[in-house]
Structures are given as structure tokens and as C-alpha cells.
Amino acid sequence: MEGFNFSTDVLVRFAETDAQGIAHHASFVVWLEVARVAYLTEHAGGYRGIRTQGIEALTTEVQVRYHRAAHFDEQLTVWTRCVGIRGARFRYEYAIERDSDLVADGHTSHAIVDAATRLPTRVPAWFVDVIARAEA
Amino acid sequence: MEGFNFSTDVLVRFAETDAQGIAHHASFVVWLEVARVAYLTEHAGGYRGIRTQGIEALTTEVQVRYHRAAHFDEQLTVWTRCVGIRGARFRYEYAIERDSDLVADGHTSHAIVDAATRLPTRVPAWFVDVIARAEA
Amino acid sequence: MEGFNFSTDVLVRFAETDAQGIAHHASFVVWLEVARVAYLTEHAGGYRGIRTQGIEALTTEVQVRYHRAAHFDEQLTVWTRCVGIRGARFRYEYAIERDSDLVADGHTSHAIVDAATRLPTRVPAWFVDVIARAEA
Amino acid sequence: MEGFNFSTDVLVRFAETDAQGIAHHASFVVWLEVARVAYLTEHAGGYRGIRTQGIEALTTEVQVRYHRAAHFDEQLTVWTRCVGIRGARFRYEYAIERDSDLVADGHTSHAIVDAATRLPTRVPAWFVDVIARAEA
């Protein structure tokens, strides 16, 4: 998708559907996290790579806009990009497609904290470099 | 809480926590739904009341901003109000408190569809009345 | 219910339903945990009380038998008893009712481990006493 | 794994972990379902294939025994076999491995119902054939 360099696929699980017969809207929030983890595995040695550095990423905001329903056993493509690193903060943006239809889009905002003190700490230089290369 | 007439409580379940030792951010999206259901039970005969009318409410947007971590077995109060009914659309706003601390806030947007045709349909007059009384 | 001294209620959440229009079978496993937590809050100062003692309870087995479907917004009563404490191990048994119909029953098995070493450790005497009184 | 012809992999999601720092025990129940769906996709044209035939499979029992903890971002292999078809009923058995360690095992029991009447109905001959070939 235009403007995104990375995507990962999810297959809608039956447990993720609801009595309206569609994927429950909270499932999308989990898929965004699955996509972030896949992005970090691809580019930054994984979430565990981050935690090894003594830092943790908190989620400070989630926004999802739902354009079409998703259904059990459908394969969805979650396009993901990391943008707007500033101080302790950064942001991911997402577009979820099925075939070429936009199913949902949204963003999550994050803050880096020191794993021990829980205080905000600058996004480390190596992470800034990793993202700069990933999003080039 | 100032500006809200309705609240419901949730107790953070162990299954809702994650390996950061806090309530997972997707759990909040479920709690907003629990609060909407409680609101409708209080004011409009419940979700089932709505479905009996041949209409369904879809969720078209979710936004949550996380201000403080929530933890296992903490009791949270979810303040809820319904605002901005226009055509087929309406919106809920939320503030989640623990004691008197703001843990998270956010909103969800919804559209009414005809349960049979899945086409958007005006929010029914009785629902507009119910909300007007609830939010008076 | 005959043979049970303790129960707690859960209200089926919409997020807990699936595309068969019923509560998803994995939701029941979460409700059993909700019931254990409520049981411990009633009788043993809560889960946190346990963790304060430097021990943790692991789940080593879950079994649920589903007799009737549960649906969105139904109130279920989860009857719970703790039985069979032996060494580091104990077991909970459950019966889930709606009105007077048996919806599901089952059990979970647990082992106490030292929170620091993760090694099995005898169920502490105070916990044995608490359960003996609760189940008298 | 000895005695199993089919497996599928799952990657532990962060949302599936809990405050003990391990995969929550209810997550395993969802993974068993993911494995059944993958099995049916491989062998029987998928769950949707089944629903097209006017029947549905209900889950009547779940049992999981937990032998080792699973952790965030670990890849698990879910070995799956379908056994014991009799009348309207059949059963799946599972073994979950990480590398060559047994993490959990268990089974689920199911009953076929007519999608319209919800009454039990014999497992159809084509499904019996499909399973016989899959498990040969």
C-alpha cells in the first residue's frame, strides 16, 4: 500500500468473532499489536530486543476507524509504519486491507520508559536509526 | 464525574492483564462496551431491546487515551455519556477512574443499520428521546 | 447448589460471544478464574494476599463440559468449591447455572510455587485452614 | 510427533500473556481452536465448508493439561488429530510443543447439530471419509 513499507497478515480466528457474525472491534486492537511485534522482529531484533535494553514501550493511545466488517477465516493484511519519533514518544500508523479493500485504519501512540524506574526516557539512538532505515 | 450522569464499575480480571504486569490496553476497549451495555440496560431496555426493533448498532471508531496503568483486581469506574446523535450516527464518550484518578478516556462512534438489509438507517425517535432524558 | 457454599455472578459480555451467536467456549475458562478470584477475596484476602506471602498459584489443568449455550447479556451463577489439597496441589470444582439450568461444569487444578524460585512448595497451613473453614 | 499427522504453528501474542509473565491458560483454548480450523482447512474445505453443508460443530468439552509455561513471542507447534467419530460426536486430541518440549496437551469434544434446528445430527459420511484419510 502507498506509503507503507511493511505488512503482516492475520487470519481472523473464530474466537475473535462476535454475535453480530463479524470480527469484534476489540480484536483489531490486538492485530495492531501483532503487527507492531512483527515490525520490530523484522527491523529491531524484536520486542525482547527492546526489553533487553532496559526499556519498555507503553501504549498511550489507540485509535481505530472501522470501514468494513471482517469475518471469520478471512486473511487480512496489516500495513504498518512507525512515524513521529520525538523525545520519549513515537507513533505507529496502520491500514488493514482485505484483498484491496480498506477494512480499517488507525494509529497507536507509545512512550518509552525505563523498565526499572518506569520514568519516561528518550527513544534510544539505535531505535531512531532502525526506524529511519525501515521507513526510508 | 463532572459532565457524566452514568457510570458502571469493572473489576480488572487476571486474564485481562499482560506480561508488563498491567491491564492490557485492548481490555479497555471491552470495558467501554461493557459500559455501553450497562448504559443501555439502564436507559433503553438493553441491547436486546434495540435488536428487537430490527436495528443494530455498529462500531465505526474507537479511541482510547491511557493516562495511568490499571492492575489486576482493581475496581475501575467507567463514566459514560451518549452524545452527538445525527442521522444514523451517534457517539459515546468515556472517562475511566480509579479512586479519583483518571486512568483513561476516549470515545466510540456508532452507526445504526437495519438488521436485515445492513443499510444505514436513522437513529429511531424513541432512542433519541431516551438519550435526551438520560443526558438531561 | 447442593455441595457448594460459594457462588459469584457474571454477565455475558458481547465481546465474549462468537459468530455462532453464543458465548465462546474459551470465555468460560475466564469466568472460572473470575470465580476463583472472588472466592479468594471472600475467604483468603484475595489473590494479592497470596502473592504477598511469596507464593503463586499456577494452573495445571482445566476441564469444562458444556451442557447448554450461554448468550449475550445473560447472568450466570458460577458455583465454586476448593477441594483436594495435597502437598503443593489443590483443585477447584465449578458448576455454572442460568436460572436453575446447568450450563457448564468443570474443574481446574493448581500448584503452588515459590514466587522467587518457581519451585513447587507445600500449600501453606494458613491456606489449608482458610479452605477448611470455607468448605465446612 | 508420534501419532499425529498434522500440526500448525502459533506465535504467542503479547495480548495473550498475563501478569505472571506467561501465556494465560485460557489462550491455549483459543489455540486449540486455531489448530482445528487449520486442520479443517487442510482436510475438509474449512469450517465454512462445513457450515455450507447446513451443519455446525458445537464444542461440548475442553480439557487442557499445562506442563510448561509458554511466553510472549515463542513459537508453539500444535499437533492435532481427530479421533472417535460416533453418531453425532467426535473428538480432537492435541499436543503443544516448543522445540521438542511438551508444553501442554488436551482434547476437545464436539457434537454436530443441524444449523437450522440445532438438533444433533449424525456426522456426515463425507466428513467421516475426510477424517479417515487424514488420520490414515
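Labels for the chains are A, B, C and D, by order of writing; each one numbers its residues from 1.
Criterion: a residue touches a chain if its C-beta (ideal position, glycine included) is under 8 Å from a C-beta of that chain, and two chains touch if they have at least 3 such contacts.
Small disclaimer: the values here were computed from a predicted structure and weren't measured.
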Checklist entry - If you fit chain A onto chain D using the CA atoms, what's the rotation angle, as a multiple of 5 degrees? => result 180
Item to check | Interface composition of copies chain B and chain C: same or different, split at half | outcome: same
Checklist entry - Which pair, C-D or A-C, has more C-beta contacts? => result C-D
Checklist entry - Distance from the CA centroid of chain B to that of chain C, rounded to the nearest Å? => result 28
Checklist outcome for this item: So, in whole Å, the Cα centroid of chain C is separated from that of chain D by 24
Next on the checklist: Taking the mean of the CA coordinates per chain, how far is chain A from chain C in Å?
Outcome noted: 34
Checklist entry - chain D: which residues touch two or more other chains? => result 14-15, 26, 30, 33, 72
Checklist outcome for this item: Within the complex, chain D is touched by chain C residues 20, 25-26, 29-30, 33, 56, 58-66, 69
Item to check | chain D to chain A touching residues, read off their complex | outcome: 13-15, 30, 33-34, 37, 41, 46-48, 72-73
Checklist outcome for this item: The answer for chain B against chain D in the complex is residues 14-15, 17-19, 21-22, 24, 26, 71-72
